[in-house]
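What follows is a pair of complexes built around chain A, which joins chain B in one and chain C in the other.
This part shows the complex of A and B:
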């Protein structure tokens, strides 16, 4: 469901970046019922607060099947219409095909992931390669395209959108009964754990080392945009300025995902100092 | 031999690890933890990349001085075909806090290595771009926030003498600055496009504005059950 709403969000944004606001509005209109469903399931439209160490915060409501399946069916029917509109639109295709090229070699060198990798022929997907949750019990296709351009990244996301709708149906029908949380007691210190989760933009990695006092000793997070953004120079070299926004946008980047780590007080005064410093640095060039 | 027969690692993979000078420390269902002396790190990484099909994921620096007097730099790889992760670590003497760079072999390690340097203070020797990555430009020199002796609520004074440095643009190129706000998305990032007319010939990227100290908080003050709450707030989409 996260992938369904996220890819619809991206389709909308991408269309907006290139001035196709009708599709932007249609994509976001279709997306809205997904947000209603996540609110119904978790209490929140976003930032669900469901994941806990040992399980999830709440079980599916008793009427989940009846509530979710009809909405999913409707979203699918509407998404197919939007997808058809995208695939048949020659101007959209002309705008995206051959633009924002990231060769397979560059994609591998910069270690990009998610739809950015799969749009450049890299057949990787943590849901299949490092199965987590119940993905090894679901039947799904890893969507790979060979175009290495924005059009290919678009096709990957479109196919994944439709694939995710099918997977939601499968998961609902196969959902077993049972507890949703497991107890854990004291965890031995200095144990290493790695988790890899295929988020809509690519793998999210958490690397953890347990510590004394039942607290983490080291916790390292790597969000997918961290690696995808590093490929921008390769993608933009030789391009024209007008293609830069949609090229950057084609990564579906999340800048906040790379804003982590250091201890700094970001009040408005400090931001102002930054602007001035950077302007001064610019002046010297 | 008993261990080898129980091992789920293919024997040729095991042999291959040893050939790369890599010492296997722990083997778990979906993970191999191995070590290599830092002097042999680049050979080992090349071996993992070329012979094992390892896909670089990220680096993680860790201050282990309270345990063994060392800093530890771990490299995470996905051995996707074997459905396994490989963690390769090297311990580093704080008196010589340097490690050979692997960015020459894996361009995608560029940021991860700079981040280890910013936060733990282990320098990747030979790295092509040793500017700061995640710390603000006016952060004092030689102060590494992910070291355990740096307190989570410490607020060092600004060091305004540390200036923003933008990479030198190619000759004759004009610089088109975009940001720190509004490059496509309304989030803070500073992109300098180097252009010849309409054509982009290079660029410089400065992100990591608005840092929130998330990992430091997780490493110091939080319990396991509090970490997921914080982790979710790294990103809302």
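This part shows the complex of A and C:
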């Protein structure tokens, strides 16, 4: 679900960056029913509050099947039509082909992940390489393109979008009955856990240290935008300025995922946001 | 060239078929799905300020403080993620997640809930036992139970004084005598 709406969002945004607002509007029109669906399934459009330690917070509603299937059928039909129209669009193709080139060697050297890596013919996907959740029980194709340019990244996302719709159908069909939460008692404090899952933009890594009283002691997330943004210099070298927005945009960067630092004093409840200079000054200490 | 024209025509057709899709919101209300979780509200008539919600809250935004004979339950909703864990944890079913989603405000205090409860102190030593509501609930439950306790005077004693009173009670003396 997340991937479907995220890729539709990206297609819309990328088209907006290059001034193709027609597709921006249409992609977001197709996306909106997904948002309504997540609101119905989880209770919110974006902050689902669904994943918990040991399972998920709530089971699917009883009529989930009847509500999800027609929506994804409709999205698929509409997405296929839009994709069919834009694949033959020579102006869009001329704008994206050969722009923002990230060679396979560079992609590997900069450790890019997700659709950015798969657009540069790196065949990596955490869903297949390190199966988590139920991905090992689903039959899916990892979409890899050899173009190394923004057009290739677009194709990867378009194919993944359709693949995700198929996977949602499979998952719904194979959904087992049973409890949604595992029963676990006290977790030993100061144990380290690391996990990696494939988010729409690439692998997300979570690092957690358990603390006393079944509470986390430290938790750190490495979002995929952090890896992917490192490849910007390679992508922009020798390019014209007009290509910069779509090159950066082709990574679907989430700056808020990548850059954040706020310190909360637990005793006084005071929140302090560190600025760049302050952080650098602290590093020197 | 022909291919390009065809694809442009296809795009135009998609747009024409879709027609107007923008909803009239905010000029007309747009109610969210019935499963939607919006701003939490606290029913202060049901709440007994036990703090289970604060324990369950992943953002740690519910705090409890005792001051001058008043217990204050404070919700700092600027950090709320609307996960609903507080509602699930509440034994009194006092928390409800409403469908309110238009929460933008320039005043952070608009997104705070403060509930004040009168505290009961121990009649012997003056230590805090709990809130009036909590003591009343215990009394209510004892009244409804089949135990038929003759003496409920210990209800306004703190745990240490309760222990002292129990040790000196006649019931215990009888059992200890050889």
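Keep in mind that, in the parts below, the second predicted complex is superposed on the first by the 258 of 285 C-alpha atoms of A that agree within 3 Å, B and C clash if a C-alpha of one lies under 4 Å from a C-alpha of the other, contacts with A are read in each partner's own complex, and residues count from 1 in each chain.
Quick note on the criterion: a residue touches a chain if its C-beta (ideal position, glycine included) is under 8 Å from a C-beta of that chain, and two chains touch if they have at least 3 such contacts.
Since the model is a prediction, treat every value here as computed from it, not as a measurement.
Visitor: Once chain A of both complexes is superposed, is A:53 in touch with chain B (first), chain C (second), both, or neither?
Guide: After superposing on A, A:53 lies in contact with chain B but is clear of chain C.
Visitor: Please work out whether A:29 is in contact with chain B alone, chain C alone, both, or neither, and reply first, second, both or neither.
Guide: Touch status of A:29: second partner only.
Visitor: Name the contact category of A:124: first (chain B only), second (chain C only), both, or neither.
Guide: So A:124 only meets chain B here.
Visitor: Between chain B (first) and chain C (second), which does A:237 come into contact with in this model arrangement: first, second, both, or neither?
Guide: A:237 contacts chain B only, not chain C.
Visitor: Of chain B and chain C, which one touches more of chain A's residues?
Guide: B
Visitor: Report for A:62: first if it touches chain B alone, second if chain C alone, otherwise both or neither.
Guide: Neither chain B nor chain C is touched by A:62.
Visitor: Is A:182 touching anything from chain B or chain C once the two structures are fitted on A? First, second, both or neither.
Guide: Neither partner.
Visitor: Using the touch definition from the top, say if A:39 reaches chain B (first), chain C (second), both or neither.
Guide: Second partner only, chain C.
Visitor: For A:85 in the superposed arrangement: first (chain B), second (chain C), both or neither?
Guide: second
Visitor: Just to be sure I follow: which residues of chain A are touched by chain B in one complex and then by chain C in the other one?
Guide: 47, 49
Visitor: Okay, in this complex, where on chain C does chain A touch?
Guide: 3-4, 6-8, 10-11, 14-15, 18, 21, 32-33, 35-37, 81-85, 88, 97
Visitor: Could you pull out which chain A residues touch chain B in their complex?
Guide: Against chain B, chain A makes touches at 6, 9, 13, 17, 46-49, 51-53, 109-112, 124, 129-131, 184, 187, 190, 192, 194, 196, 203, 205-207, 209, 214-223, 226-227, 229-230, 232-233, 236-242, 244-246, 248-249, 253-266, 271, 273-275, 277-278, 280-282, 285.
Visitor: Could you list, by residue number, the parts of chain A that touch chain C in their complex?
Guide: Contact set of chain A toward chain C: 22-23, 25-26, 29, 32, 36, 39-44, 47, 49, 57, 61, 81-82, 84-91.
Visitor: Where on chain B is chain A touching in the complex?
Guide: 26, 30-31, 33, 55-58, 60, 62, 67, 74, 76, 78, 80, 83, 85, 87, 106-112, 115, 118-119, 134-139, 145-146, 150, 152, 154-155, 158, 160, 163-166, 169, 175-178, 180, 183-185, 187-191, 193, 195, 198-203, 205, 207-216, 218-219, 222-225, 227-229, 231-237
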